[in-house]
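Would you mind keeping the following structure in view while I ask a few things?
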Amino acid sequence: ERINIVGSTSVQPLGEKLAETYTENNNVLINVQGGGSGMGIRSSHQNITDIGMSSKELNNEEKKELEELILGQEGIVISVNNENNVNDLNIGQIKNIFSGKIRNWKEVGGKDLNIEVITREEGSGTRSAFEDLVMEDSKIKADAIVQSSTESVKQSIVSNPGAIGFVSYAHMSDDVKSLLVDGVDVSEETIADKSYKLQRPFIFLINGEPKDSVKEFLQWVYSPEGIKIIKEEKIVPPNSTQILKYQELLK
Amino acid sequence: MQKKKKLVEYLIEKGLFITAIFSIVIILIIFIFIINEGIPAISEYGFLNFIFGMTWAPSDSQFGVFPMIIGSICVTLLSLLMAVPLSLLCAIFMAEVAPDSVRKVLKPVIETLSGIPSVVYGFFGLIVIVPLIREQFGGTGFSMFTASLILTVMVLPTIISVSQDAIRSVPSEYREASLGLGATNWQTIKNIIFPAALPGIITAIILGMGRAIGETLAVIMVAGNVPLIPGSIFDPLRTLTSNIALEMGYATGIHYSALFTTAIVLFIIIIVLLLVAHYFQKKYSMDAYGGHA
Amino acid sequence: MNRIESKNLQVYFGDNHILKGITTEIPKNTVTALIGPSGCGKSTFLRTLNRMNDLIPNFKKEGEVLLDGDDIYSPRLDVADLRKKVGMVFQKPNPFPKSIFENVAYGLKIHGHDDKEFIAQKVEESLKSAALWNEVEDKLDNSALGLSGGQQQRLCIARTIATNPEVILMDEPCSALDPISTTKIEDLIQKLKKEYTIIIVTHNMQQATRVSKYTSFFLHGEIVESNFTDKIFVEPKEQKTEDYITGRFG
Amino acid sequence: MGFSKIIPPKIAQKIMNGVFIASGIVTLLILVLILGYILVKGLPAFNLEFIFGNPIDSGKEGGIFPMIVSSLYVTLIAGLIATPFGVGAGVYMVEYANNNRIVRLIRFGAETLASIPSIVFGLFGLAFFVVFLHLGWSILSGGLVLAIMALPTIFQVSEVTISSIPNSYREGSLGLGATKWQTIYKVVLPAAIPGIVTGVILGMTRAISEAAAVMFSVGASIQTPISIFDPGRPLPLHLYMLATEGISLEKAFGTAAVLVILVLIITIVTNLVVDRYQRKIMGK
Amino acid sequence: MNRIESKNLQVYFGDNHILKGITTEIPKNTVTALIGPSGCGKSTFLRTLNRMNDLIPNFKKEGEVLLDGDDIYSPRLDVADLRKKVGMVFQKPNPFPKSIFENVAYGLKIHGHDDKEFIAQKVEESLKSAALWNEVEDKLDNSALGLSGGQQQRLCIARTIATNPEVILMDEPCSALDPISTTKIEDLIQKLKKEYTIIIVTHNMQQATRVSKYTSFFLHGEIVESNFTDKIFVEPKEQKTEDYITGRFG
């Protein structure tokens, strides 16, 4: 018996962790495959996978055909080089920095240093969420450096004193410095109570009625044991009413 | 017995023929697959708009890949410009100059170099080379030059190994004849060995070029991926392959199709570059034989 | 005066001891013939004189080889210079994969000649001396690899003499040649010997008698006897030599 | 031959000797730099548990044994498929093909194949092997994709090598009444082995180091694959995920170091074997 | 009875007309010598008889060649069979890059022999016939490429006779050999001719006289004269033949 899970590379580590723990006690093989959120959506859509993974909400058209199961919310951290003396930015400033209106750190109270914007690739779950939450009607400037993964964004910031970028909260480390957004620091609590604005969902997708083994696995995911793992991965799980709803759905 | 032998020969020839056309079959399948996926974007956006469009902004349904065409060509050529001389010199060094013991160490190590995953080259570039370039030449450090540098290192092993073998397989009679006339080692290499090995060397370069133009993951990490035409070699750029790899994971609908159209454009460029390479191959292998055999 | 001297020359290929103490003198402006059964080490000796054996990976040598009194294996000596002075015609014809013209012009060009007319004239002259001109004059641009065996051999002779070496080593230069071409090559040798020192390996006793002043008889990697050619063929000192030249050997 | 006109040959020789040695040293430096970088960064992660253990916590902890197995598995499959096809095609081109147009077309096809970006192979593998042929995410699908990627290198290098075998060998064999295939099999191929092996090694090293192409076809299961229909996660893919998702750079470099050492062992052993073989047949 | 006949055989390499209407007959169980100046087409003719020229890209032929009355260029004929029957010793020695033993065993193996003892015995026998056994018996496993020129030539002879061909084409088999080895090869030819048909190209008139019953004189791609060897050398019909054999030619 094998379950295929395909999609978002941001969700993949969590998916793997869940699979790892689950297969220890259940006689089933789980293959957790990356590829990106788009890949997850497409694969569920074409029914070549049992579960899709996405790190962004589906658009309305996609929602019609696929069922979204939210695993939790993850924060998006605005990070800068450790030597940067700026600590706090508001959403407006972040927007102006990423759209290219603000070009020097001294305009936001920092040193006289050019701002180097690092962004993720078009379509990435992290970027889509960032754009929805921050950029509104304006766009990330065209000559921003594009990096294709959390770690390469981080490394780009580590080696460049003027850099700024956004990375997912689960993979933050001391290598770079995280900024307060509108005065709020990012943490599990601030994500849970929505006071930290920059956040996006981690989602499992199913297409139609899943087979029994998949159902069992998903039920387990929403059991206390599964929720514990989600929390360990620095993801804020859905509230209990939501969980009950999913458990009902998966009966 | 007689008949059987003939039959075996016949079957072998046909079997070998099948292996030979295998690449064509695969290429065709890949072509069909790509064109099939790419057609929606072409019919919606127009192929010429696609090729000559200057803006790539999928969220606005803008799919111009011209800057990336320039990017791909520039990066490939610049890396070959650096890699070809160095690797040919090194191949000659290994085949003709270095003592046996040195070659025996160098050869497997160089081949190992081609077994290092692109991601590693990418991270090496990102962590070591990008800051270095920024400090030395200004800019962001993410640049055409950085990408070419990484590609150079990545294609070195291919060109060195293949051309080294081509050089070593030149019959030693030619070498003896030239040296026997009092030619220096270098004269012998330049006038006799190199021309005789040229077809193999060009194959090596073509293989290296293929690797350079097709490389993705490493380039993504150091090129900056800005979809604009670079003004200098220290500006960031995006290649066609990076474009595909960057966005393929997320793209849906027409955006997805547009990435396949990017692959079609890439194919066209590869074919043009190969035609150019073949032109040179033909020109120079004629010279090597100084007339027709 | 002696042009070349070898003193207790030992040659090994790996573990095989090929030349076992060759001590001999090759006088200036004469023709010296080397004879002896196949496999006795004639080619090896010849190839030691212009350091061609250096190319063979497991070649090892002891003893000395002197050219005009200088050790040719001295590290200070330039091998290319040596080989320019000591030209060689190889046992197996080995033309370059180039045109006939380029084959002969090659040596001139690498030695810095670039006057086209001079080169063309020199090529013609050399091909004529090697008795090949008539057969190739209207296909100088064809590949040399399309020549017959004997034509290739003559081409290699032309290629060697085009560069005016001072010493010429010839390893069976007439083995693939018909009597007429052979005569022409022998005439050429007679002409060359006035100014050049020539060493020729041959299996043809008549040829040795016709062209050479001295003859050395090789056997199993040693020189059994060296003497004036007319002496050695008429009254050899050693029994083995007599056996060999009378064909009673083996 | 312009050189000799401007610079005397002997000086040219001296200069070129310098240039050759310099280029050798530069290459060596690049090698040492990159290999050294990987080993220095990767060796701290090294221990028996790392090599023989299973990954824990997405690879943040534990070992990479299943990945080593997957890597060897897919590479082996790729080699088993690509080598006969590549060498066979090379033989056909040199020894049989007499229609120039087909020859050129085939060569062109192979060269194009060699230039296709790995990501396109990845997508093709997904669409063709995984979905269309129903092979699923499996070692087999991944191995097939890698075989296609390695094919052109093996093919082209074989072709060059085989065509450089002197005709006199062929004549010698045919003259004894050997059939064409006997001649190829017993005389031409043995003489071409060293070059062919270079091609196979180059093709295989490319396959064993590929992440993008297998990303969509081999699956990413962290269980040790048993059958060819099991999914697996080759080292480069694991490395890619460890590194790019920021799971553990230390383990990522450790994985890279293991891969490099693996490739190094494979190439050194093959080269030694070829060397001995060559010495045997060439007698040198 | 005639073993081989050629009828108005024309051979071209590209635009070059090499053989210009060769019509001749080679009788069974005899030795026929081909003589003529270098480049006249002897090798080309020989290589046409076992279809070796088929390998040369721009080779073109007109006319017929019959072996035992069958057209050897008929599409129904199996070329490998033909070449098994019609063995060849090439002008330039071309041993395989294999051991000495494997070189000689090769022909046997490809023709399906797999009895090790038989092969070993046959190899020894052939090497003895080719007068090479003594020199190589203790290094049969060494590479054949390390042999001297003459040794390689004898090895190629051994390789050819090991497979018992019915017709043997020899392109200057003794050109790199010393007189003693030459005598041994000539003895071998004498022994073989009882059962085999032998065609030998030679530049050595004495050799032709010693070994052959018939001789054909080639010139510029044509046969000037064919006759019994003792006739042709004593009272040639054509002036050109006389000029050539008396060395007055050219």
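The letters A, B, C, D and E name the chains in turn, as written, and every chain counts its residues from 1.
Definition applied: a residue touches a chain if its C-beta (ideal position, glycine included) is under 8 Å from a C-beta of that chain, and two chains touch if they have at least 3 such contacts.
Keep in mind that what you see is a predicted model, and the values were worked out from it rather than measured.
J.: Between subunit A and subunit B, which partner chains are common?
T.: D
J.: Using mean Cα positions as chain centres, tell me which chain lies farthest from subunit C.
T.: The most distant chain relative to subunit C turns out to be A.
J.: So what's the Cα centroid distance for subunit B and subunit E, whole Å?
T.: 50
J.: Rounded to the nearest whole Å, what is the centre-to-centre distance of subunit A and subunit D, using the mean of the C-alpha atoms as each centre?
T.: Distance between chain centres: 36 Å.
J.: Express in whole angstrom the distance between the two chain centres, defined as the mean CA positions of subunit A and subunit C.
T.: 81
J.: Where in subunit A do residues touch two or more of the other chains?
T.: 9, 34-35, 39, 148, 152
J.: Two-or-more-chain contact residues of subunit C, please, as numbers and ranges.
T.: Those would be 57, 80-81, 92, 109-111, 146.
J.: Scan subunit D for residues touching two or more other chains and write them down.
T.: Those would be 1, 4, 9-10, 13, 166, 179-180, 243-244, 284.
J.: Which of the residues in subunit A end up touching subunit B in this complex?
T.: Answer in residue numbers: 9, 34-39, 41-42, 62, 116, 121-125, 128, 131, 139, 142-148, 152, 155-156, 159-160.
J.: Of all residues in subunit C, which touch subunit D in the complex?
T.: 56-58, 78, 80-81, 109-112, 114
J.: Using the touch rule from the top, collect the residues of subunit E that touch subunit C in their complex.
T.: Answer in residue numbers: 13, 35-39, 43-44, 91-93, 135, 146-151, 153-154, 171-172, 175-184, 203, 205, 244, 247, 249-250.
J.: For the complex, which residues does subunit B have touching subunit D?
T.: Listed in rising order, the residues are 5, 8-9, 12-13, 15-17, 19-24, 26-27, 29-30, 33-34, 86-87, 89-90, 92-94, 96-98, 102, 104, 106-121, 123-124, 128, 153, 156-158, 160-162, 165-166, 169-171, 183-187, 189-191, 199-200, 203, 206-207, 209-211, 213-217, 240-241, 244-245, 248, 263, 266-267, 270-271, 273-274, 278.
J.: Across the complex, what residues on subunit B touch subunit C?
T.: Going by the criterion above, the answer is residues 100, 172-185, 187, 191-192, 195-196, 288-293.
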